[in-house]
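Right, I'll just put the structure down here and ask away after.
Naming follows writing order (A, B, C and D), and every chain is counted from residue 1.
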Amino acid sequence: MTDSRKPVCLVLGAGAGIGGTVGGRFAMEGYHSVLCRRSDQADLDRLTNDIRDRGGEASGCLLNATQENSIEDLVEHTESETGPIEVVVYNLGAQVGNKSLAETSYKIFELGWRMATFGLFRVASSVCPRMVSRGRGTILVTSATAAVRGNAGQHSHAAAMGGRRMLCQTLNAEFGPKGIHIVHILIDGSVDAPDTLGKLLGPERFAELRRTRGMAHEGLMLPSAIAETYLHLAKQPKSTWSNEIDLRSFSDSPWWND
Amino acid sequence: MTDSRKPVCLVLGAGAGIGGTVGGRFAMEGYHSVLCRRSDQADLDRLTNDIRDRGGEASGCLLNATQENSIEDLVEHTESETGPIEVVVYNLGAQVGNKSLAETSYKIFELGWRMATFGLFRVASSVCPRMVSRGRGTILVTSATAAVRGNAGQHSHAAAMGGRRMLCQTLNAEFGPKGIHIVHILIDGSVDAPDTLGKLLGPERFAELRRTRGMAHEGLMLPSAIAETYLHLAKQPKSTWSNEIDLRSFSDSPWWND
Amino acid sequence: MTDSRKPVCLVLGAGAGIGGTVGGRFAMEGYHSVLCRRSDQADLDRLTNDIRDRGGEASGCLLNATQENSIEDLVEHTESETGPIEVVVYNLGAQVGNKSLAETSYKIFELGWRMATFGLFRVASSVCPRMVSRGRGTILVTSATAAVRGNAGQHSHAAAMGGRRMLCQTLNAEFGPKGIHIVHILIDGSVDAPDTLGKLLGPERFAELRRTRGMAHEGLMLPSAIAETYLHLAKQPKSTWSNEIDLRSFSDSPWWND
Amino acid sequence: MTDSRKPVCLVLGAGAGIGGTVGGRFAMEGYHSVLCRRSDQADLDRLTNDIRDRGGEASGCLLNATQENSIEDLVEHTESETGPIEVVVYNLGAQVGNKSLAETSYKIFELGWRMATFGLFRVASSVCPRMVSRGRGTILVTSATAAVRGNAGQHSHAAAMGGRRMLCQTLNAEFGPKGIHIVHILIDGSVDAPDTLGKLLGPERFAELRRTRGMAHEGLMLPSAIAETYLHLAKQPKSTWSNEIDLRSFSDSPWWND
């Protein structure tokens, strides 16, 4: 029996940057996008309404991904109520800004792991059996420079992201041959995103940065452009998959250069 | 004064696999594709005629890329006679099959470098100044597993490809900020290509491999699918570039696993 | 006021393989070695007695490293009662054998992180301030192939070890310039160690493996040889430090080859 | 019939930095060191005399390593006249300073390859069969940051060093199991060496750098300390080999951090 419902694109970490934009892009391609984020129902409604205004299907859900059973229930509920999850966009970050070792509490260190590593393990544990039974599925994992090199002040972030990357490789080793496409996407530069960079810098410095480096200068990565690459990856046929890819602005040095 | 001619996609190493197919794909997007290869005028004509039959523009040229001035003259001639080179697809391979150190002559070792490393340096030396003056350009470099790990019997190939990858990074460091997009594309699996894998295996073993692993099994990379990724990379806007990406079939283990 | 006590080499994970042997080697160089392990007081006594018989100083302690305050109290107690910790050998493994995703419970996944990643973070949080105040110190981190590539069945192990490696790099970025030498030592092969490989294989298969690949064949890594490299790393002067090194038997393929 | 002569340590690139110092260190361990360099007989004599004054055995030879048969004849002559080459220290650099693409002539690019990549291939082609027949041997390859990442201005250097590293891996894949130990040693920082850094900076700036960063500051790598690590690597027993290791000063950032 074929599932007559629309395939679902499940986005974990759907703010007004990569997550929300990718969700919107997949909705335009015929997916039902389920956008999940921790807080701000109003902004979440804005995102899903915007998708619907453009003719797409979307629903939203507030979710504390570190809470027990939150991800597991979401997967269960989405599969039974909305449709088969064909694409997962794992977009939960764990950047806490630069903190010295003394400033990095055990709690912060553990939280990084819960968000960036364990959360991916949990969602994979929930969706992979379903994807295997359908013989297909895609898990797009947003990652960061900290996944490939540790830098001062990044104790929590790098440990968590390094674990995330190795987890992507173990998942691919087991599930690639079963038709599940897992991609580690290294976001190796600053994204023009009010919910992450904007909050990190504050409104004034963010506006200044957009003026001097972003916008016409094209020195900040655009979520809409990132979304095109996510979509391309999801469309790659089984014969020709990417598992690791990097992304940065033309004016940003790659991680291996600075 | 704007150049009213079609932008050119210059393909070095245009056989009936990645090179020819990528050239055809770009021609369908509005480029004039210049297909270059060492030998077999008849097959080259077949490729360019096929592109024209499908409504694209293409021209072909036989070229010994290791010969003095061959690449330099080609770039010069193409720019003056055909159009501005906006995309280079550097697809010259240097795989000579597995050879022990004793079997790898100095000549073979040097030839690998001339094809895989020095040829890229030469084409970059010729086209980069032109691309810089136009403020844009894309160099897509087909690469191989040997670029990231040496394996027994790969003395010539790995030394050449390892140099090629590091050259891509130096070119990007200098020319990325000037608007030239350089991508190292790691082809980490077997390609369903008669001109390379086919010739390596011979017609019978190639047919057998296609039957058992390729075609419906999707275990051989399809040049047409690879071409979609090349095109996607060329279309990435300046704000959001990839510099390194890998590609393999879902059933092939990544290089880090075997 | 100079501390007149012997410098301490603190070994976390001191079984009859790398940990115990490295501890013994440092004791022969004038350190007081504190050997810690989870269980088997009798065997621990055997290790410390053996060191004392050879003229070295050592003490032992049973410790559940995943328990709250266990590592912190150990560091505190060692510094006040035994001597300044100049060398930490972080040798806690997290290999649980190959387990599919379905077989990897949340508990196993978390335990891997607690042993391999969080434990290192905890010991670093405790000893680094002390080492900084003394202007010197060495943290030698035993690591595994899973730190650099994920493989099927290694979900817990690879995520934990990948995090461990990135943590080593963040610690080095902060503490290297302060005189603390942090080394990530990639054990990329089988170690001739009864407490790890021996227990994994069982006594008969382990004896067989030693007969066919180990001993005179030199195909299993010897803890005594590993210990020489650990000691060499600890002796490197500040002007000339290694941060990453790999180790394997001559007959083992490096991780990038298989 | 056992060879009663002293084992030879053959150093290619033996200036007053790493090469000469490593040669001296091995001579103190009982090797006959053959020191080869391109020019300056007087300085070469000073190096060999100094070794002899300290009770070691050494001979020197001026050699243009890029010349046809130079390396091959040297190996032949050394084996017949001096002793069995048990250790090769391949220390030929190919750093030409930072040069833009336009400033990097074909000749410079090719010379980099001839020094850094092809020269290693040639010496390996000559010595490996001899080492295989003896069942042992060590090839220590000095390498540079450019082997693992390309940077602006490093076109020639990075392409050559990237090739060198991949060549080390192919050599190891074929010859490791035959008892030949090949090590890629990443010198990832500035070396306190008058013949390389000194010449690059000129006497005044070099003296200034030594005063402010080197000497008591320990911010420049000392050839004598590097030599200890080279010796350690050569002494590793077959059961426990390193194939890749990095070295830098405590105050230098690793390549992945800047």
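Quick note on the criterion: a residue touches a chain if its C-beta (ideal position, glycine included) is under 8 Å from a C-beta of that chain, and two chains touch if they have at least 3 such contacts.
On a predicted model such as this, the values are computed, not experimentally measured, just so you know.
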Please state whether B-D or B-C has more C-beta contact pairs across its interface. B-D
Could you work out how far chain C has to rotate to sit on chain D, using CA atoms and steps of 5 degrees? 180
Using C-alpha centres only, name the chain that sits farthest from chain B. C
Suppose each chain is reduced to the average of its Cα coordinates; what separation in Å results between chain C and chain D? 31
For the pair chain B and chain D, the C-alpha centroid-to-centroid distance in angstrom is 34
Distance between the CA centroids of chain B and chain C (whole Å) is 45
Touching at least two other chains at once: which residues of chain C meet that condition? 149, 151-152, 169, 172-173, 256-257
Complex interface listing, chain D residues touching chain C: 169, 172-173, 176-177, 179, 181, 192, 218-222, 225-226, 228-229, 232, 235-251, 253-254, 256-257
Sites on chain C touched by chain B in the complex: 148-149, 151-152, 255-258
Quick check on the complex: what are the chain C residues that touch chain A? 100-102, 104, 106, 109-110, 113, 117-118, 121-122, 124-125, 128-129, 146-147, 149-155, 158-175
